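One chain, subunit A, appears in both complexes that follow, with subunit B as partner in the first and subunit C in the second.
== the complex of A and B ==
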């Protein structure tokens, strides 16, 4: 009997079991709940109805919220990619004995409490905050910028948290890149920027994809930073799901929003991978 | 044709001098090997010529053009790597075309030149493969084509064969020589394998500790090593310290550890410093069973030692025989051709080794 089971299944089974319990089961429950009805009194009724989805897609308020979540996710991923790439490249090219310390410094935001970190941003970004006071003092601006409780502020704070993830992923790829390949390219006549464009960048594609997907999906479901730095003014999917679950006690609607967010995330990442696979260099495993 | 002149080249990392006052002139169309043990500065030297490391001081000139401060992508110096360094995301064709594109070669010309280069390494049929789909030997031939397609006047090889097995190493070594005749480049070939250096190069520069200790043809290096290091590093050798040195007319007489008396020619006419080491090549030595009756009669003009056979390694074309000789802390080794005659040495039995006095080299 045992001989019929391929050995890799035995290796996979503990992990699969945990995934089944903590991921598939709740997700199934979420899906079921999203088809329930909410009766006028606010109580939920077991059913198989599209009521919640119809409510979401027929209300521009929610559609805008979804779009806002996605574009903030895209912007945060892109900014993290640009900033993170140069950081990761710098660390990967630093002397080996310095790399660990540099990585620790970069990972530091992850080690501070989310609440403290975000209250920090509130102090910095406010109308009378450190940033505005400084910019006015130098004379760069005359009126304080609106950053706190705006998408811009949320993006700044999100980039701050997400950057370490991006750097760590990119670093592991760049560090493993054979430096002789860059030497070979310049030996064959490629100037510095061309070495980067034709060799380093295509070979770091797996890291770029993994890093942006990771940042994008965490950002989309991130709740603490948007709710503290964005407040009630920057409504995002994650904060609204929280609101529906905890304040409005409308679980079916919250579940439907969760499903919609998940599907959106899958669609965007699927589209992204398709574009890159078509454009991306052959021979590199894009993961 | 191109001549490379390196003058007083120095490379220091902090207080560590890795390359010390290197002076090399490589003639047009010549293949020069840099031969030396691991860490002696061969790669560092090569990378300074290619422009990947900048020298602490000194100058590098190619055909009278000062290269020392020219950036690597403008040097027209080819470099072939030990680990091939093929671009894994590009096909064989694209790898070979890479340099042509960077040099702005017109599109119409690229295909012909790439295929020509691939043909000269017999890989035209694999142009669409990716490097990961090829064997090590094939990958290195792609790397050769990728470099040679640019027709660089100078090509540097950094141990290009050391990741390959023995048969392939030999075949590719011969191929590199043929390619040199075809393309007419001047070459520097780095290796720590003395046999490879001898077969592939016109001249060898033996390096040790960042210096060139001897430069010459393979014959000169092998037959007249400049010092014990070269003698030991190039080829097999029996190298021993000597004592009680006495000059005689045209000869040195001295003792090996254990009191064995030997003679060597004193090639230098007139007085010179007495030698501290003696070296005998294993293939210059005759070995035979010690005859039962024979006394300790020494043949005129020969050196002679008696020992006990410690090992016999049969390699097919020859035997490598090691003797325990009283007083010597390493085996005295003899390389004997397989002459198809009856082989009568036995482990543990006494044997006599003899060699002409002029085969004893002294330092």
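== the complex of A and C ==
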């Protein structure tokens, strides 16, 4: 009997079991809860109703919140991609004995809790914070910029938190690139920028896709930064789900918002992959 | 060549996802810690009491030690906010693991209604007679052992003359300097009610309050969500003036932030602390002694010094320094506005959505 089970199943099963228990089951419960009703006193009633979804989609306030979350996610992913690509490229091209140290430096912030890193940003971004004081001292601005408790501040802090993820993913791709292909291109007369555009960039496409998707999906569900740096005024899906769950105790509505966020994430990432696949230069398998 | 590269990237993604989930769970640690502490039982004449945590905790540890020595008892402390303490005794109704719970948001009304706490016997309490009459509980439960006032806190370096009215917050000179607290926070919520009362509304008619806040928004530097963040607003010079709590003003001040507290002439909102004996506590005798202990003048001086709780015992003498900062005296106590907290709690969900729509950028 045992022989009939393909060997890879034996390797897969422990991980699958954990995923099933801690991911699929709770997610299923979330889906079920999202169809419950909230009665006027605030208690939840078992039901199969679209009430929560109707409330969400019929109120521009929540639709804007969803759009704001996606919009911030896209900006953060893009900024992380530009900054992260240069960084990863630089590390991958550094002398091998230095790479490890550079990578450690990039990964080092991950050893501190995101909460602590965001508290740092509160001190930096404030009206009397380091950033504003410096900019005023060198005469670039005369009035302090409003960064703390604004979407701009949230984006800055999120880029900082997400950058290591992007760099580590891109690095593993750039480092594994076959440099001979670049040499061949320049050998055949391509200029530096041309080599990058037609050889390096297409070959690193899998890393770009994986990195941006990773950053986008973490950003969309990230709670700590919008909560601390954004304050009460910058409302995003993650902070509102928290509010509904903890303060309002409206679990069905929070569940529905969770489901909507998940579906949005899947839609956006699916769309993104499809566009890149279609537009991507020929001959590159984008996986 | 291509496939393995993507495989590598995918493996990296998985590893990172695991790290990421690890990071984001860090924020929930205090709750987990409280649960761990709470699992201990009450056996052996031991007392389990709750604490709000924060600045008062050190003082609490000190006077609990004194209690243990005087009454030859063992006291264990569990850190729980009022709402969590209520949820806890509700869940443990027939088998309580807590003996004394602290409330600061009027939860004793709900607890009394649900028969979760015990009445006290005035004959067994030594200090009841010395309390301000209005500090006693009308239904026979434990009285208030301390109070705070929701008034105006301000940076006394930037604003040398103390504000005198709630209306000062709307003044042009404080444009961009007002700090507000989200109404998911009790103080923020109560200020919204105060704003409604100022303009002819109240607990059952919040709209005038929301309208007033709308006018206040252009003056607002920031809206924060939690009490410690208010201290941060002042420390970082983001705000100079905010409707907030006297006890916190005192503790922020102790940490070196230039904060003073002013009672608005329209009446500050009272926030009252009680310690209640949990119904079915196996050590109710000792628990009552603990409640009585908190009413003693010498202990009230300690809670005032440590946590900024104003005293309710008329025999409590504070130092002049403390009297200058904290609301003090029977007249002040009687002059505080008492909100109908039951009504406030019932309407909270509705207000929350209106508020969110009002303040969101």
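Brief remarks on what is shown
What we mean here is this: the second predicted complex is superposed on the first by the 278 of 287 C-alpha atoms of A that agree within 3 Å, B and C clash if a C-alpha of one lies under 4 Å from a C-alpha of the other, contacts with A are read in each partner's own complex, and residues count from 1 in each chain.
What we mean here is this: a residue touches a chain if its C-beta (ideal position, glycine included) is under 8 Å from a C-beta of that chain, and two chains touch if they have at least 3 such contacts.
Computed from a predicted structure; not experimentally measured.
In the overlay built on the shared chain, the residue A:250 is in contact with subunit C alone; subunit B does not reach it. In the superposition on chain A, no contact is made by A:109 with either subunit B or subunit C.
By the touch criterion stated above, A:178 is placed in contact with subunit B and with subunit C alike.
Residue contacts after overlaying the shared chain place A:190 against subunit B, while subunit C stays out of touching range.
When the two complexes are overlaid on their common chain A, residue A:120 makes contact with neither subunit B nor subunit C.
Counting the residues of subunit A that each partner touches, subunit B and subunit C differ, and the larger count belongs to C. In the superposed model, A:199 lies in contact with subunit B only, and not with subunit C.
In the superposition on chain A, subunit A positions 178, 203, 284 are in contact with subunit B in one complex as well as with subunit C in the other. Interface residues of subunit B facing subunit A in the complex, by the touch rule stated above, are 47, 50, 52, 71-75, 77-79, 81, 83, 85-91, 98-99, 102-103, 130, 132, 146-147, 150. Remark: subunit A residues 42, 61, 64-65, 110, 113-115, 122-123, 126-129, 148-151, 165, 168-169, 172-173, 176-178, 203, 206-207, 210-211, 214, 218, 222-224, 227, 231-235, 240, 243, 247-248, 250, 284-285, 287 touch subunit C in the complex. Subunit A makes touch with subunit B in their complex at residues 178, 180-181, 183-191, 194, 198-199, 202-203, 281-284. Listed in rising order, the residues of subunit C touching subunit A in the complex are 1-6, 8-10, 12-13, 16-17, 19-20, 23-24, 26-27, 180, 182, 184, 221-225, 229, 232, 236-238, 349, 352, 356-357, 359-361.
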